[in-house]
Amino acid sequence: MFLTFVTFLPLLGAFALAFIPKENEGTIKQAALGVALVDFVLSLGLWMGFDNSTHAMQFEFSTSWIGAWGVNYHVGIDGISLLLYVMTTFLTAFSILVSWNVKKHVKEYMMAMLALGTGMLGVFIALDLFLFYVFWEFQLVPMYIIIGVWGGPRRIYAAVKFFLYTAVGSLLMLVAIIWIYFVVEDATGVFTTDLIFITKHLDVDLGTQKWLWMAFFLAFAIKVPMFPFHTWLPDAHVEAPTAGSVILAGVLLKMGTYGFLRFNLPLFPHASYEFIPFIATLSVIGIVYGALVAMVQEDLKKLVAYSSVSHLGFVMLGIFALNEYGLQGALLQNLNHGISTGALFFLVGVIYDRRHTRLIKEFGGVTNYMPKFAICFMIVTLSSIGLPGMNGFIGEFLILLGMFQVNKMYAAGAALGVILAACYMLWMFQRVMFMQSNNPENEKLTDLDLREKILIAPMIVLIFWIGLYPKPFLKTFDASVSHLVTIVSPDNFRPGKIGGSHASTKIDKALKKIEKQTHKKSH
Amino acid sequence: MELFFFIPIALLSVLLALGVVFNSSPIGSAVSLIGMMLCLAGVFVLQSAHFLAILQVLIYAGAIMVLFMFVIMLLNLKTAEDSVWKSREHNTLLSVLTGFLVLGLAYKMVEIAMDSNFGPGMPVKDGFGTTEAVGTVLFTDYVLPFEVASILLLVAMIGALVLAKTKID
Amino acid sequence: MVELEYYLILSGILFSIGVLGVLVRRNAIVVFMCVEIMLNAVNISLIAFDRYNNQHDGQVFSFMVMCVAAAEVSVGLAIVISMYRNKPTINLDEFNLMKW
Amino acid sequence: MLQLAWLIPLIPILGSIVCGLYGLKLGKDKVAKIACGGPILSFLLTLIVLLGFLLLPEGVHVWEQVLFNWIPVADFVVQWGYQIDPLSLVMMLVVSGVGSVIHVYAVGYMYEEYSFYRFFCYFNLFLGAMLILVMGNNFLLMFIGWEGVGCCSYFLIGYYYDKKSACDAGTKAFVVNRVGDFAFILGVLFIFNQFGSIDYTTVFSAAPTTLVYGSETATLICIFLFIGATGKSAQIPLYTWLPDAMEGPTPVSALIHAATMVTAGVYMVARCNVLFALSPLSMNIVAFVGGGTAVFAATIGMAQNDIKRVLAYSTVSQIGYMFLACGVGAYTAAIFHLITHAFFKACLFLGSGSVIHGMHHEQDMRKYGGLKDHFPITHITFLVSTLAIAGIFPLSGFFSKDEILFHALMDGNIILWGMGATGAFLTAFYMFRLVFMTFYGEAKYDLSFHPHEPSKIMTTPLVILAGLAFFGGLLGIPIIHGWHVLHDWLEPVFHVDSQTIIDYSTQHMIAAGHHVPTFEALTHEPSHNVPLEISLMGVSLLIAIGGITAAYFFYIKFPKLPDTVMGGQWGLELVKNKYEVDEHIDEYIVQPTVEGSFYLWKGDAKVVDGAVNGAAAVINWFSKLARPYQSGFVRNYALFMVVGFLAILIMVY
Amino acid sequence: MNMIPAPEIDFVSLAPVLVLSVFAMGVLVLDLFIGKNKTILAYISIIGLFISAMSSFGHADLPVSSFNGAYVVDNVSIFFTFVFAISSALAILLSINYNERVGIKIGEYYALILFCTVGMIVLCSSTDMIMIFLGIEIVSISLYILAGIRRTDQRSNEAALKYFLLGAFASGFLLYGMALVYGATGSTKLAEISSTLVAGGVKSQAILLGGVVLLMIGFGFKIASVPFHMWAPDVYQGAPTPVTAFMAVGPKAAVLAAFFRVFADGLHDVAASWETALMAVAVLSMFVGNLGAIMQTNIKRLLAYSSVSHAGYLLVAIIAKNSLGASSLGFYMLAYAFTTFGAFAIVIILGRKGDENLEIENYSGLGYKHPLLALSMAIFLLSLGGLPPFAGFVGKFYVFSAALKEGYVMLVVIAVLNSVVSFYYYLKVIVYMYMTEQKVEFQPTFSPYALLVVAIAVLGTIQLGIFPGPVIALAQ
C-alpha cells in the first residue's frame, strides 16, 4: 500500500495543483516541488526498508482489479526496479527544479510533470502485464505534452514522432500480452495477467517464444532506443525542454531496458539466449554508430542524444550477456546514464537559458566566464566517458566483463565505443568551454546561480559515490539479478548440455522438432 | 403450362423494368414501374401466392405508385432534366464501366441461381397462399413482426409529417 | 411446373436492373423507383422459395417488405419534398455540398 | 607503520580538493603550502612505510592493505586495496620524492599565474592518482590510477585552455591514451576470463598453472597489456601525443611527461612480468618496439628546435630503452633506468623550465645561445643531467643504460643491442646539441632584455635533482656477480617460477598433441661475464663521447656545418617534420572518420528516418489519393458498394 | 372459418420495447399540448429510457427465448439495451440546447429518438431475420428523418437524402440476402438456420453463399464499413450534431449486435466462407477510415472517418465468433458511446448560434482558454485512439483478446498498427488544442445539459478505463 501511495502521490499532487489559481505561479512551483521532494524522500524510505538478501518482490500489494479477466492490481519492487524507482522520484524532483524558470503555462507544466512522475513510477512497480501496459502507455501523454507545448521550434513534429514511434512498438507488445494471457490460460486454466504467475507457468515452444520475444523486443527496443529504432530520440531530445530531456534520458529510456529485464528475459529465456547475437550486434552497431554520429553534431543536445544511443547500447549489451556481471553492470549503467546524461542535459540547458542557442560553434571560451560551470561540466563529461573513479566506468566495465565471457568480439567492439566517447565528448568540451571565444555574446554569460548549484551538487556527489563505492547499489541488485541469471543463464540452453534439467530436455525436444521441420522444408 | 405463362410475363417485367431505368421522363418511369409491378403480381399468381398477388396490386401498384406520381406532379418536374446517357463528358468511361459492372452483377446472380441445384420442390398443399393460410401464420408465428411493423409505419408517418409539412415552425 | 431456378433468375435480373438504375440515374425519384424494383425482385425470390418449401414464412416476409416499402416511400418522398423546398431540383448531382 | 599506507595517495587528493574548492579564497601562499605539503607528507609516509616493510619478518615480500570491497559482483570482487612490495615501494618513493621536489619548483614557476590554485589542484590530484596506480593491488585499481593520471595530464596539458594548440594537445593526449586503455581493458577482461580474478597476487601465483607457455591466450593478454603500456608510455605507435603534450607548463612536463606517468607502462609491464614470461613472442614484441622507439624518437629529437620537444622525444626514446630492457627480461634494469631517468629527466625539464621562465616563455633554441653566464645554477645542473642521460661515467645514466645494453646483448640479440647503441649515440648527440645551442655559442636572443636566474625556490629543486642524477647510479653499482642492491631488492617481484611453468605447459602441450618447445627463454641462465660487461661499458662510454664530440663539432666548432651538410636533404625534412606521422594519421584516420560520421549522420536522417517519414508520406499520399473517390455523388457511393459487393461475391463464391 | 389461436405474447420480454413505445407515443401526444419549449419532452423521454432499461431485467433466468424463437432476452441484449438507453439519453441531453440554438422546434424529434431506440432494442434482441429486417428499418427510417430534421439547412437535407437513398439501396441487398438464406435453409429463425447448417440440411450451397455475401453488404452498410462507408462522412457532417453522435453509437451498436447474431450464431457453421471476406472488410475499414481521417479539417468528418475505422475494429469481434466477441462488442460500444458523445458534446459546446465552428484549426489554443473542456476532449480522443487508462483501451483490449483467443494474430496486428495511424489524427486535434496559438475568439455556448453530458462522458470514460471490472462482469 505504501508503494502505491508513493507511486500515486505525484498524480494526487497534480490534481491538487489544479485547484491553485493559475496566477499564483510561485505557489504552484513550490507545491509541485514539495510534492516531488516528499515523494523522493518516501522512495528513499523504500530503499531503506528494502531487504537486499532476497529476490522476492517486496512491498508487494495485490488486489483484484478486473476480476472477470483475472487482471490484478499487483505491484511490488525488487532489486531490479528499486533503484530505477528511486531515480525516477529523484529526477522528477530534479526536473521540476530545473524548470523553475518556465515561462509559459506554469500550472499545466507542473501538472504534466507530476502526472508523468506517476506514469513512470507505475511502470517500474507493475507486476501485472495489463497494469504494466496501462502505465507504459499512460506516461506517453504527459511527455508528449511536455515536448509538444514547451519544446523548441519543431516541437510538434518531435512530439508526434515520439508518441507514434513508441505506440507502434507498444501496441505490438499488447498483442503479445494477450497472446501470453491465452497461452497461460490454456496451460493452467487460469485467466490471469499476473506477471509472477505467468513467469512460473508460461511454457511455450521456441518458435512461439521467438515471436513473442520479438513483439516485446520491438516495444522496448524503440524505447531504449536501439539502433536502428533510435531516430525519434535526437528529435525528441533536441525539441524537448531541458527538464523533458532530463526525464527522457534519465527515466524513459530506462523503461526500455527495464522491460527487457522484467519481461523478455524471464518470460522467454530460451529465445533471449537465441537472440544474443542479434542484440549484441545491434548494440555494438548502436554504440559505435551513436558515438560516430555524436562526434559530428553541431547541436549540443543532439550530441548528447546520440551519446545516449551509444550508452544505451552498452546497457543492452550488458543485459544480453545474461550473466551477473553484465546484468549488474547494465543495471548500474542505467543509473549512471540517468545521472550523467541527466546532468549533461541540465548543464546544456543552463547555457541554453543564457544564450538561447545550443550550437557548438556559437560558444568557445565559456570557462573564462563560467568557471564553476566549467568544473561541473568537466566532471559530468568525464563521468559520461567512463573515467575510472566515476560512475560510468563501473557500469561499462562490468558490462564488458559480462559480454567478454560470452563473446570476445562483441566486447571488443563495444570497447571501441569507449575510445570514441572520449573523442566526441572532449572535442565538444574543447570547442564549447575552451579556447578563445570570438563571439562577444559569450562575455555576458554569468556563472551558476544558487538554484543551479543546488541542482548539480547531488549529481556530482552521486557520480563519485557510485564510482568509488558502488557497493550499496550493487548489493541492491544482487539477489534479484542472481535469481534472474538462474533463469536465463545460457547454460540452460546450450545444446551440448548433458543430463540437463527439466527445462533443457524440453528445449532439446523443441530443437529437434524445429530441425525436423526445417529438414522437411528443405526437401 | 406454368412456363407458358411465366416466360412472357417475365420478359415483359424485365422490359418494363428496363423501361423504368431508361425512360427519360419520371412519369414514364413511374408508369413502367406500375406495369412491372402488375406483371410481378402475375408471377405471384403463378406461384399460387394469391394473397400476396392482391397485396402487390393494392399496395404497390395502387398506393405506393400513386404516391410517386403524386410527388412527381407536385414537384412539377421537367421531363428532360436528366437524360440518361447524356452524361457529363468525364463520366462516359465511368458509365461504360458501370454498365459492365452491372452486367457482371447480373451474370453472377444468374450464375448463382443456375448453380443452386434445388431438387424438385414439395407439392403444394391445399390452401397454399390463401389469405387464410398466410393470415394464420402471420398472426401466430409472426405476430411480433406484425406488431413491430406497426411501429415502423408509425415512425414513417411521423417522419413524413415532420419533413413535409409546409409550415416550417 | 416451372423450376425454382427460373424464378430466381428473373429475380436476379430484376435486381440487377434495379441496381443499374440506382447507378445511372440522377433523378432522385427515379433512383428511388429503382430501389423499389430491387425490393420487388426480392419478393419474387421469397415467394418462389415459399412455394418450393411449401411454407408461408416467405410470404409473411414479403408482406413485411411491402410494409417497409410503403414506409420508406413515404419518408423518402417527404425528404425529397423538404429538400426541394430549399433547392428546387431533384437532380442528385446538384447535391454535392459535402464531400472528401 | 605499514597501516599508514592508505594515507599516502589520500593526502594529495585531499590537498587537491582543498586547493580546487577554496584556492581562490586561501590565496597563493597558503595554496602553495598545502600543495607542497601533501606530496612531502606522502613522501615521508612512504619512508615510514618503507621502514615498516623492512621490519617485516623474513620471507614476507608482499603486504596488502584492503580498505573495502570496491566492486562486488557475484564472484567478481574487486577490492580497494593497496599492495606494498618492493616494486611498488620503489615507485612510491620515486613518485612522491620527485613529485615533492617538482611541486616545490612549480610554486616558483607558476607563481604569476592567476589560476595558481587550479594548477595545484590538478597537480596534487595527479600525484594521488599516480600513487594509486603504483599502489593498487589489482588491475582495476591500477586502471583507476592509469586513467586518473591520464585525465590529470589532460587537464594540465590544456592548462592554458584559451590556446587552441594546448586544448588540441590535451584532447589528443586523452584520446590516444584511450586507445591504449582500450587494449588495457581488453587485457584485464582477458585476465579475468582466464583467472577468474584480477588481483595481482591471485593472478600471478596462478599464472604458471593456468596459461600454457607461448599459448595464444597468454600472448593476447600480454599484447593487449603492452598496447595499453604503449599508449601511456608513448611508444610506437601511440607516441604522438607526448611531444604535443609539451603545451603544458614545464613542471607538468617534468613530473608527468618525464618522471612518472609516462613510465607507468614500464611499471605495468614489470608488474606483469610473470605473464610476459609465459609469452616469448610478446616479449620480443616489447623488446623490438622499445628498441625501435628508442632509435626512432632519437632521430626526431635531433632535428627539433623547441627545447621542450627535444626533451620530449628524448623521453620517448629513453622509455623505449626501458621497454627494451623489459623485453629482454631485464626488469631490474628497466626499473633502474626508470629511476635514474626520473631524476635526470626531471632535472632537465626543470632546467629548461627555468630557462624558459627566464627567457620570457621563449622556447625556440635557435633564439638562445650563450646563456651559461645568465643561468649559472641551471647551467651546472643541466649539464650534470645531460651527462647523465648521455651515459658518462660515473653518473647515474651510465649505469642504468649500460645495464640495459648489456642485457640486450646477453639476453636478447645483437640487433637489439645495436638499436640501443644507436640510440645512445643519438641521445648523446642531440642532448649536447641542446646544451650547446642553449648555453654556449653566441647569444641569439634579443639583447635588450636580461635573462636571469630564477629564485631559490626554483633552483633548489634543480640542485637536488642534479644531485640525484649524479649519485643515483650508486643504487646499481654492481656488487657481486653483476648484481646489485636494486636487483636484490626487486628480486621477489621479478622472480619467475620457471619450473612450474615448464611442468604445467609441457603436460598441457602433450595432452593437446603439440610440439613441446625447449623453453629457451626460461631456462636461459643469465651469465655474468665480468670482462665482457666491463668492455661493454667501455664501448658505451665511447659511443656517448662520440655523440658529444659530434655535437661539439656541429654546434660549437662549426655552427654552419649542419646547414651545409644537411640542408635540403629530404631526410632532414622528414625528421624535422617528425616523419609526418601526425599528418598521416590525420589524413588517413581522423579525417575519414569525421567525414564518414558526417555522412552517417546525414544518412541517419535520410535512411532510417527516411523510411519512417516515408511511411508517413505514403500514408499521406494514399490519403490524398483516396480523397477524390469521396466525391459527394450518391451514384458513386452506390457504385463503390456494388464494386465491393462483386469483389466479395467473387471472393466467397 | 377456423379461429386463429391467440398467440402467446411474452410481455415481460417485450417490456423495454413496450415501455419505450408508450413513452414515445406519450411524447407525441404531449407535444400537441405544450408550447414552443420542448424541454419537458426531453425529460419525459429520459425517464422513459430509464424505465425501459430497468424493465429489461424482467427475467431472472437468462436467456429467455420467446415468440417461437424470434425474440430473446439474454445478457447481450440487456447489455445492449443499456448501451442504447445511455446513448439515447445522452443524445437527448445534447439536443436540448442544440435544438434551440439551430431552431429545431419539433417535438417529434424526441419521439423519433425514442422510436429509434425501440428499433435498436428490437434489433439486438431479435433472432429472426424478419424481425432483424424490421428493426433495421425502424432504426434507419428514424435516422433518415432525424438526419434531415433541420429542414432549412441544405446540408441536413443533403445528408438525409444521401443517407436515405443509399440506405434503401443497402436494404435491398440485405433483404435479398435474407431471402436467399431463407431459401437455402428454409427458415428465417437464426436458431433453425444454425441447426440446419449443422445438420447439413442446406438445400443449396450456392444460394446460401450468395445470401451470406448479400447480408454482409447490408450489415456492412449500416455499420459504415468499407467499401460501404461512403455515406458516413457526408451524413455525419450534414446531420445535426446530436443526431450525428446518436447515429454513431446506438444504431451502430444495434446493427453490430444483429450482425453478430446472424453471422456468429446463425451462420457460424459456414464461417469459413465469410470469414476471409469479412476480414478484408475489417482491414479495409481500418485503413480507409484512418487514412481518410488524416486529411480531414472538419471535426465531424474526422470523427466520421474515425467511426469507420472503429467499425473495422468491431468487425474483428464478429470474426472472432466467440462469446468473448459478443461481450467485447457490448463493452466496446459502451466505451465508444461515452467517448463519442463526449467528443460531440464538446463540438456542440464550441459552436454557437449561426456558426457551428467545426474546423479543427479553430480549436487552437483551447487548452489554455478552457482547460477543462480541452482536457476532456483530449481524454475522449485518446480514449478513441485506445490509450490506457481510458475506456477505449479496455474495449480494444477486449476485442483483440476475443480475436487472439481464436488465433487471428495477423488481423490483430493489423488492427493495432492501425491504431497507431489513428493516434496521428487524434493527436492532431490535441496539437491544435495545446500546442498552437489561439487563432479565433472562442465563443462557446455552455449549456448545463451539454456540460452534463461531458461530465458523464468523462466519468464514464475514466471509470470504464480504470475500473471496468463490474461492467465487464455484466457484459459477460
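Things worth noting here:
Order as written gives the chain letters A, B, C, D and E; numbering starts at 1 within each chain.
Definition applied: contacts are C-beta pairs under 8 Å (C-beta built on N, C-alpha and C of every residue); 3 or more make two chains touch, one makes a residue touch a chain.
Here the structure is a predicted model, which means the values were calculated and not measured.
Minimum number of contact steps separating subunit B from subunit E: 1. Both subunit C and subunit E are touched by B, D. In terms of Cα centroid distance from the overall Cα mean, chain A ranks first.
Chain centre most remote from that of subunit C: D (centre = mean of CA atoms). By number of C-beta pairs in contact, chains B-C lead all other pairings. Farthest chain from subunit E (centres taken as the mean of C-alpha atoms): D. Taking each chain's centre as the average of its CA atoms, subunit A and subunit D sit 38 Å apart.
For this pair, subunit A with subunit E, the centres built from the Cα atoms lie 42 Å apart. Between subunit B and subunit D, the centres computed from C-alpha atoms are 101 Å apart.
Subunit A and subunit B have Cα centroids lying 68 Å from one another. Counting partner chains per residue, subunit C has residues 8, 15, 18-19, 22-26, 31-32, 48, 52-53, 57, 60, 64, 68, 71-72, 75, 78-80, 82, 92, 95-100 touching two or more of them. In subunit E, 130, 134, 137, 141, 144-145, 148, 151-152, 160-162, 165, 169, 206-207, 209-210, 233-234, 295, 424 are the positions where the chain touches two or more neighbouring chains simultaneously. Residue positions 627, 630, 632, 634, 638-639, 642-643, 645, 649, 653 of subunit D are each in touch with at least two other chains. Contacts between chains, counted with the stated touch criterion, involve the pairs A-D, A-E, B-C, B-D, B-E, C-D, C-E, D-E.
Taken in their complex, subunit B has these residues touching subunit D: 94, 98, 101-102, 104-105, 108, 112.
Residue ranges of subunit D in contact with subunit C, taken from their complex: 627-628, 630-635, 638-639, 642. Every residue of subunit E that touches subunit C in the complex is listed here, in rising order: 129-130, 133-134, 137, 141, 144-145, 148, 151-155, 157-162, 164-165, 168-169, 171-172, 175-176, 178-180, 182-183, 186-188, 207, 233-234, 237-238, 295, 301. Looking at the complex, you find that subunit B touches subunit C at residues 2-3, 6, 10, 13-14, 17-18, 20-21, 23, 26, 29-30, 33, 36-37, 40, 43-44, 46-49, 51-52, 55-56, 59-60, 63-64, 67-68, 71-72, 74-75, 77, 81-82, 84, 95, 98-99, 101-102, 105-106, 109-110, 112-114, 116, 118, 121-125, 128-129, 133-134, 136-138, 141-142, 145, 149, 152-153, 155-157, 159-164. Taken in their complex, subunit A has these residues touching subunit E: 64-69, 105, 108, 130, 133-135, 137-138, 140-141, 144-145, 148-149, 155-156, 159-160, 163-164, 167-168, 171-172, 174-175, 178-179, 181-182.
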